[in-house]
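Can you keep this structure in mind? I'll have questions shortly.
Lettered A, B, C and D in written order, each chain numbered from 1.
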Amino acid sequence: MPDATTVLATLDKELDWQRELYKDFHRHPELSLQEFATAKTIEDKLTGWGYAVQRIGGTGVVGVLENGAGACVLARADIDALPVTEATGLDYASTATGTDTDGSTVGVMHACGHDMHITALLGTAKFMADQRGTWSGTYIALFQPAEETAAGARAMLDDGLLAKVPRPDVALAQHVMATDAGTIGTTAGPVLSAGDSVKITVHGRGAHGSMPHNSVDPVVLAASIVLRLQTIVSRETMPGAFAVVTVGASNAGSKSNIIADRAVLLLNVRTYDTELRGRVIASIERIVRGECAASGSPKEPEFEYYDQYPLTTNDAGVNARVTEAFTAHFAPGTVYHTAPATASEDFSRLPDAFAVPYTYWTVGSVPSDVYRKAVANGTVAQDIPANHSPFFAPAIDPTLGVATRAQAVAALAYLAKGE
Amino acid sequence: MPDATTVLATLDKELDWQRELYKDFHRHPELSLQEFATAKTIEDKLTGWGYAVQRIGGTGVVGVLENGAGACVLARADIDALPVTEATGLDYASTATGTDTDGSTVGVMHACGHDMHITALLGTAKFMADQRGTWSGTYIALFQPAEETAAGARAMLDDGLLAKVPRPDVALAQHVMATDAGTIGTTAGPVLSAGDSVKITVHGRGAHGSMPHNSVDPVVLAASIVLRLQTIVSRETMPGAFAVVTVGASNAGSKSNIIADRAVLLLNVRTYDTELRGRVIASIERIVRGECAASGSPKEPEFEYYDQYPLTTNDAGVNARVTEAFTAHFAPGTVYHTAPATASEDFSRLPDAFAVPYTYWTVGSVPSDVYRKAVANGTVAQDIPANHSPFFAPAIDPTLGVATRAQAVAALAYLAKGE
Amino acid sequence: MPDATTVLATLDKELDWQRELYKDFHRHPELSLQEFATAKTIEDKLTGWGYAVQRIGGTGVVGVLENGAGACVLARADIDALPVTEATGLDYASTATGTDTDGSTVGVMHACGHDMHITALLGTAKFMADQRGTWSGTYIALFQPAEETAAGARAMLDDGLLAKVPRPDVALAQHVMATDAGTIGTTAGPVLSAGDSVKITVHGRGAHGSMPHNSVDPVVLAASIVLRLQTIVSRETMPGAFAVVTVGASNAGSKSNIIADRAVLLLNVRTYDTELRGRVIASIERIVRGECAASGSPKEPEFEYYDQYPLTTNDAGVNARVTEAFTAHFAPGTVYHTAPATASEDFSRLPDAFAVPYTYWTVGSVPSDVYRKAVANGTVAQDIPANHSPFFAPAIDPTLGVATRAQAVAALAYLAKGE
Amino acid sequence: MPDATTVLATLDKELDWQRELYKDFHRHPELSLQEFATAKTIEDKLTGWGYAVQRIGGTGVVGVLENGAGACVLARADIDALPVTEATGLDYASTATGTDTDGSTVGVMHACGHDMHITALLGTAKFMADQRGTWSGTYIALFQPAEETAAGARAMLDDGLLAKVPRPDVALAQHVMATDAGTIGTTAGPVLSAGDSVKITVHGRGAHGSMPHNSVDPVVLAASIVLRLQTIVSRETMPGAFAVVTVGASNAGSKSNIIADRAVLLLNVRTYDTELRGRVIASIERIVRGECAASGSPKEPEFEYYDQYPLTTNDAGVNARVTEAFTAHFAPGTVYHTAPATASEDFSRLPDAFAVPYTYWTVGSVPSDVYRKAVANGTVAQDIPANHSPFFAPAIDPTLGVATRAQAVAALAYLAKGE
């Protein structure tokens, strides 16, 4: 048997087509649930390599490669782009536009690196097809739409994913980040926060601005709520526990001399703990209701939850096995322990639905010299365009190669003959 | 000499054309500074009656009638309509539309009774021209544009009003209100509040919603300001003194998971006292600056004052003279002492510019039986459409007749032979 | 019949003993409900002058002088002193001490001029007894304890005042103020506010300061309540209406690192309108309960009302009659229209219990030159010691003479033969 | 050479006198810096066992035992009691009283287990003296006063500790906690928070409660500060970072109808990071100053820092060596990884002054069956009296034996022959 390193070396020759495909995806980004051309390309590739391919959840694509007895590994890439107008100046920059959920025309950009995720997983998928002799089991390459709107994983599940593919033993996903290119960050336990958005409408009573005594002032009510909500983190959460309650938007009224009849607050909640998440949400509702009562609000407040992301919490065993494989394969200094991030993802809905363990790791994408200089200067926040920035521009090399190998190494940790 | 009552009785025969003209104005309302047709009609009428007519301030019209030695009286009517879509169902209801200051197309309606003010003053103007034998002095009929935007009086002054007409000895104005039709309310001293609007922009630092530590949160800053502003009235103003500080609009952010970089507050301030007004405004700025400092705001707040209305405070002597004349002329029960209103007007800019005394009275416009029933039921607020309502519909009779006579009686109090 | 002026001139000869008696009262002040020596002196004097004297309400003294047919006038003076250590340096200054309600030993001082009220009313009482020939009817001189604690009028009523004295037709009271000595201020309608104090206890849950998540923090709860209470005046009260909601005390916790289990707020409410008073109190309770709910407070808040003073609102007819009499009797410039004061009194409980009209006026007590200089300098607040100050020192002349005459003139306005 | 286990077994025979001594200390607690009898007892014991004994910092006692070449280990116990009236009902409960810093007489109790710390360290000290043959180096047994007031470590340093004893290579301390008796918790890095208390005085302007416009209301100012301070943790601190800002006391005013002229806030700050600590304190000052400016406060606020505790952060190497020794010596299940506690200590001042590494561990003291039942019921907070509770009652066995052995095992990890 050739050893893993020898086998994986074959991946390098794939980089030529991968680089071109990456640029092509980057040039042609598609918004969430509108990834039609992207899905078609993926479908064609997988089919060409011998995968049993299905469209699941509209623009979701799943390829299954059965290769004898053994474990079943599901690897997932997200495929959608963002309503951001690209400003990188790259020669393969996007000039695409799309129609946003509110009907407006917006610039579209792969500003979160999903194009890298697709291309790397396609590279790995070809590798797994080419190297069937070196492993045994089942490999599932899953390409998920609409991660950015938290809708894609659910759409695939709603479309019957569980019944349509073999139940995996483990699930794998990765994300490019604005850190040192070529490095891989892993961790056990919480790695991405649960995210919940809630739209709160509170009711006052409108009146002319000179007659406040005829009103229940929603501006004052909203202000009281905003200040009171601060105490969920400052007083009700155990010091050092992770919880964020952000009132991203607070809007009421449009004229100086008219007291409006309502205020609308948009909140975002982040937690690493399901029980704490529940308590934070209960506290939000308790505070809003209490403040409405204090104001004499004439009507119950309304709570509308949306963009809800699950907690992403890596299984300790899976993370250990994958981290060990990474460490064995990559050069020293490549793999490091990463702290949990405050961002959120919907990947974990998939393994959670199968009730299987998973791990999720990060891949750096900023040229090392640039990144290290910014770290040395303490100017990372200013100098390094992060995910979702119109300037976000992963270095194709070495990012694409590392990301492709990472998916392959992680899969082989479960599927390689001898494992 | 015929006595005033006999002379004024001649006004009744004018009501026929006045009623038709009123309906015509009502059907064809024009927004502030766009009162082109309205001004043309006024101009033509005044010219026809022998007034020396000038256009001042764009759509302002002033007619001067010199009639021998004696006092000079300036009577003012405002002529603009509002961006309100009429819902009265009257057969002479407006179906007009116009272009609002933000470029949008809006319904237009005489929802504040300025059509009544114009028609009444035209009636008086004809009366003064017809009855030259009964009085001596100078009568100025001034039709002012753009009261609703606080821009019209200033526009006329900026266009040289002071130099273009004789300096009056006294100025007069009236306003129809949603009270018992046929009654007239007068008062000495403050009758309408000073009104000031201010747009306040406070600066935070934007960040992703999950990273509040990288932000200066403008939602929290705005909330703190709103609550603190309450103390200007509750703690800094002498109990029982009139002051209103309304935050009519407080807006920041548009997404739950993005911390915005600024918040915008629109405030409206009402006072009956120039010194108190100054202190309230100073307190607003002090509080906003203090709260910005408390937040660590990265940039000075900005204050932009707009829609500033002066205090309307009736001269005690003028009010006494006019009230006495009203009481002598009208039936018992017509004239009552009215409390100051919280609304604002820009009329007083005109006499203030001339440095002459003035009085301003109100004329009821709701059919007596309707009004008195609502008073008895304690349902005035619910049942009687007030000024600016899409249902505001003055009863033509007796309102138009009373308003016309009121302007005539008040003028004659200064100009009648023997006065 | 001698005219009133001639008769009243006889009062001047009483001033000698009045001055000495005033100094004696001033030297020997007694706290509320402890006015034992004071009451004894009053009792002896009245008895000596032929009054039918009763002790009512412990240290209350009432003398009734029946003198034929006619109206019945009740004149009231309050007699208690304050727990203030005198700092006037007067040669008749108090050095007395007493036991306050909390058991502590305190300095005692007639710092609110009640000694002047007693001495003036005694002068009038002697005058009424001496001058029986000039008037007809019934004169009641009522000396009430414990005005400072709002307990005295109630104590006299609880002790059967209504049944023990003839029902008056009118009631009269006066108060010395730190204004121009020799002047008298009168007004119709509200003259003193209703005053209500309330002790609010809100409950949290105590915890170590480093473990806020185990607590319900009463400091945060109290702060939220304090800010929210501001909106009762700023948003819920009609602009220009008189309402004060002062949180005079807010206390919670005693150690930096212990989160306490409760907070105590002491509020004072002032209004000129019974309906508004009710709404303000309802709003306080609504806000406190709403904020407790927002905090997740484990126990209902407690409201304990105390020191409740009724509204003092002068009858228009009585005020007019008394003001007319004052104006006729006193030199020009003596009588002026006074604005309502924000202070409170329990006098009105007495006429309200009898359901009879009343008036209440003020008497200036600061030497004119001193007062006018302070007015000119704009330094009244700094230079003139007001009621309750340890430096409060009414000028005996002309204050005592004017106050005595004022009570006599007001009584004769109802009782003089020919009235 | 006998192995450590054999040698340590000799400790069991010391428990008889240790138990009696523990009860004696418990019966006779002494307040901070008043530990006269306690110090005398310690001094006598150490002297008797051959230590070179010094009194340092008043009631601090240090015994040095030089025993040949090798490392120098400093072990520290704190010795003061608390102003708490014991309510345990133990037959050796304290009935002592003492004089608190404010002059009041208070009950005194070893409510934080320092009696256990003393007795255990004395047991170890005797063991080290008895077993000189098994180890080599220098052993310093340091008994520190006034841990509860953060004054003792500083007092010893101020009294020249650095010059009076050999510089240790490592320092050791332990604390009994209300956890499972017989267990030992260790951790690397932050184990106790830095604690800072600050007394903040903010200035208003006093006035009568009915005249708020003459005041700058300190109750409103304090409330605004309290709510704003919440944002330091909720908005300015990185989510998941440990920071506590507790306003333990907020006090202003004493009467409902008097607006006071100042408010006093007592804050407690806890952090695990020196840089963050600095930012939190800067934010507190910024917010207080900003709010004072917003109020128009007439005088700068005052900040008085007190009870400042340093961060306790265990050296990774020392913790590893000691934990390994514990694990080797104690039964399986004894040693566990403990999370950092939010409490604070002044122990670290001593090794920090010497610039030497240290570790600090916890020893459980609640009978296992009781503790485990409460855990199972989820009623630990309610059922288990924690440190500082008047019911805090460590189980003498096995707590005392484990604590004594822990100090011995940790010392031998550095001093045992062969180490």
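As a working rule, contacts are C-beta pairs under 8 Å (C-beta built on N, C-alpha and C of every residue); 3 or more make two chains touch, one makes a residue touch a chain.
The model shown is predicted, which means the values in this text are computed figures rather than measured ones.
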Touching chain A and also chain B, the following chains: C, D
C-D compared against B-C, more contacting pairs: C-D
Separation of mean Cα positions, chain C and chain A [Å, integer]: 71
Chain centre separation in whole Å, for chain C relative to chain B (CA means): 44
Mean-CA-position distance for chain D and chain C (Å): 56
For chain B, residues that touch 2 or more chains besides their own: 210-212, 217, 220, 224, 227, 230-231, 234-235, 239, 241, 244, 270, 342
Residues of chain B that touch chain C when the two form their complex: 227, 230-235, 239-245, 270, 272, 340, 342
Sites on chain C touched by chain D in the complex: 193, 195, 197-199, 208-212, 214, 217, 219-220, 222-227, 230, 244, 246-260, 263, 266-268, 270, 307, 342-344, 381, 388
Residue ranges of chain C in contact with chain A within the complex: 210-213, 215, 217, 220, 224, 227-228, 231, 234-239, 241, 283, 286-287, 289-296
